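Please go over the structures that come below.
Here subunit A shows up in two complexes: once beside subunit B, once beside subunit C.
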Partner chain A sequence: MHSFGYRANALLTFAVTILAFICAIASFSDNFSNQTPSTQIQILNINWFQKQPHGNDEVSLTLNITAGLQSLFTWNTKQVFAFVAAECETSKNALNQVSLWDAIIPEKEHAKFWIQISNKYRFLDQGHNLRGKDFNLTLHWHVMPKTGKMFADKIVMSGYRLPDAYR
Partner chain B sequence: MDWKGQKLSEELMQILLLVFGGVAFITGYATSSFRTMMLIYAGAVLFTTMITVPNWPFFNRHPLKWLDPIQAEKYPKPELTNVISKKKKNKHY
Partner chain C sequence: MDFIGETIDSIKSIKIRQLLTQAITLGLIVTSALMIWKALICITGSESPVVVVLSESMEPGFQRGDILFLQMTKEPIRAGEIVVFSIDGREIPIVHRAIKVHERGDTKEVDVLTKGDNNDIDDIGLYAEGQLWLNRQHIMGRAVGFLPYVGWVTIIMTEKPFIKYILIGALGLLVLTSKD
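And now, the complex of A and B:
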């Protein structure tokens, strides 16, 4: 502490250490938030269901997605990344997941939404197993913090079924 | 700064940063505003720098007592030649 430079260095180092500590407890405080998200997905229409030239099935759906994700936002949240995935079981794989739609929600005000849209990403299968297939639609979300740990969770909605024949 | 002043500066720096760190976190958490927390903490770092880093007069209240030049001449630095020759004798066993 005998010179200006020495004191300035000690102060800056200690200040950055305390800052790291503050950010760590800010991230830890996210564990205490009460999260109650809700969602509903409706398949309005199966636009078409075809076998592609390479032998893979493809489906085009029109989805009606309603979600209330406001409770996921804490003081330490930068944005929430949400996506809808279709999950099914085939003879080749125990679990197939195909992402159909995603969105970045930057603020709490935009977290309650209703959207009617055809699938953003193609719903393809590896093979031609989709006729008459039962599948789940899952809404996944990743809560991206300003500092610290990212939390991810999902809601699984089951009971959807593809038609038995190509259209 | 004198010795007591240096100690005061270091302790003051640590206490101020810790306390303001706690205040910043609690205020930010209570107002649910990350931005508030960061602004309070930035202000705290600047404030602490202004208080503890420059050589303020209140850090020099117990100045070191250096000897006057005349007194220093009365007690000259001892010579080292005797010590060296004694060491050489001991090595010969």
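And now, the complex of A and C:
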């Protein structure tokens, strides 16, 4: 009844149960944080806009991204992954999402930022449907917790338009 | 020394009825573990609801030895989601983030491009030869939850098999010798 093995087992089970409970509570507490992220994205310049030799449209943009994501950080946040995606509908695809820029924000202190950058990943269409196309720029964020459930959300900004002709 | 002596004594004292009870107990443990696993598969819709992170490609978000909980719903894949996919000719599934998504309007067929957060380039080089996009059938699930460090148990057991045998042996002995 009170053998070494029995005691070790009881202690281990108790420790694991408590740990699991604490992890669950930590993850659950994320639901009560008040999130008020803000962002602004401007297209400073269309660097070039071409049809590639094999037929896909490609755009190069310079973006001005301002964001305040401090409120996404809680005590259970390991990092926030933020990215800006261009989203549009073309005749071929009902939805195109192309990530243009992303960043890992490890600390709350770095969550308010301003950056001017040209697109990090290629803005390519499947086909050549981008001339004169209206599109959205969306700031997505993906909150990675120290433990538990991951959260993701976005702010959609519409009203951007690509030029009518290649340049 | 006492402990070992007691253990040997208790093995000697095993009787057939006791042996049967213990076999049933052992069987119960194994089957309930299997039941929990299969229930998880049903609930999450993913054929492997829990995966262990093996590479550094998603650091610092996911480190080697962390555990991810997967879910596979009918909902469409969107950019930014962390998906687990398998590539023809590769045994081990990969956990990376979708950075580009192109979805057809009529058929809902989807082309996805992924990239590890810690990698400099996208995953086209990891895909099968000539493959440019992931499609629905490659994707096994999306990561919804996270638990740090726990996966080290399985990593150590696969890399150092003798620890596994010691552990299984010790557990087996414990079950055989326990008198509850």
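Convention: the second predicted complex is superposed on the first by the 166 of 167 C-alpha atoms of A that agree within 3 Å, B and C clash if a C-alpha of one lies under 4 Å from a C-alpha of the other, contacts with A are read in each partner's own complex, and residues count from 1 in each chain.
Keep in mind that, in the parts below, a contact is a pair of C-beta atoms (placed from the backbone, for glycine too) under 8 Å apart; a residue touches a chain by one contact, two chains touch by 3 or more.
Everything numeric here is computed off the predicted structure, so don't read it as measured data.
> Quick check on the superposed pair: does A:P106 touch subunit B, subunit C, both, or neither? Answer first, second, both or neither.
After superposing on A, A:P106 lies in contact with subunit C but is clear of subunit B.
> With both complexes superposed on chain A, which partner does A:F81 reach: first (subunit B), second (subunit C), both or neither?
second
> In the superposed arrangement, which partner chain does A:S38 touch: subunit B (first), subunit C (second), both, or neither?
neither
> According to the stated criteria, A:Q126 is in contact with first (subunit B), second (subunit C), both, or neither; which is it?
second
> Answer with first, second, both or neither: which of subunit B and subunit C does A:N96 touch in the superposed model?
Only subunit C is touched by A:N96; subunit B is not.
> Check the contacts made with subunit A and report whether subunit B or subunit C touches more of its residues.
When the residues of subunit A touched by each partner are counted, C comes out ahead.
> Once the shared chain is lined up, is A:R7 touching subunit B (first), subunit C (second), both, or neither of them?
Only subunit B; A:R7 stays clear of subunit C.
> Between subunit B (first) and subunit C (second), which does A:S118 come into contact with in this model arrangement: first, second, both, or neither?
Neither: A:S118 stays clear of subunit B and subunit C.
> Counting only touches as set out at the top, which of subunit B and subunit C does A:K146 meet: first, second, both, neither?
both
> Which residues of subunit A are in contact with subunit B in one complex and with subunit C in the other?
The answer is residues 4, 146 of subunit A.
> Which stretch or stretches of subunit C touch subunit A in the complex?
3, 60-62, 78-82, 97, 99-105, 111, 117, 122, 143-148, 174, 178
> Which stretch or stretches of subunit A touch subunit C in the complex?
So the residues of subunit A in touch with subunit C come to 4-5, 23, 27, 78-79, 81, 83, 85, 89, 92-99, 102, 104, 106, 121, 126, 140, 142, 144-150, 152, 154.
> Flag every residue of subunit A that touches subunit B in the complex, lowest number first.
Residues 1-2, 4, 7-8, 10-11, 14-15, 18-19, 21-22, 25-26, 29, 74-76, 146 of subunit A touch subunit B in their complex.
> So in the complex, the part of subunit B that touches subunit A is made up of which residues?
Listed in rising order, the residues are 1, 6-7, 9-10, 13-14, 17-18, 21, 24-25, 28-29, 32-34, 37, 41, 45, 48-49, 52-55.
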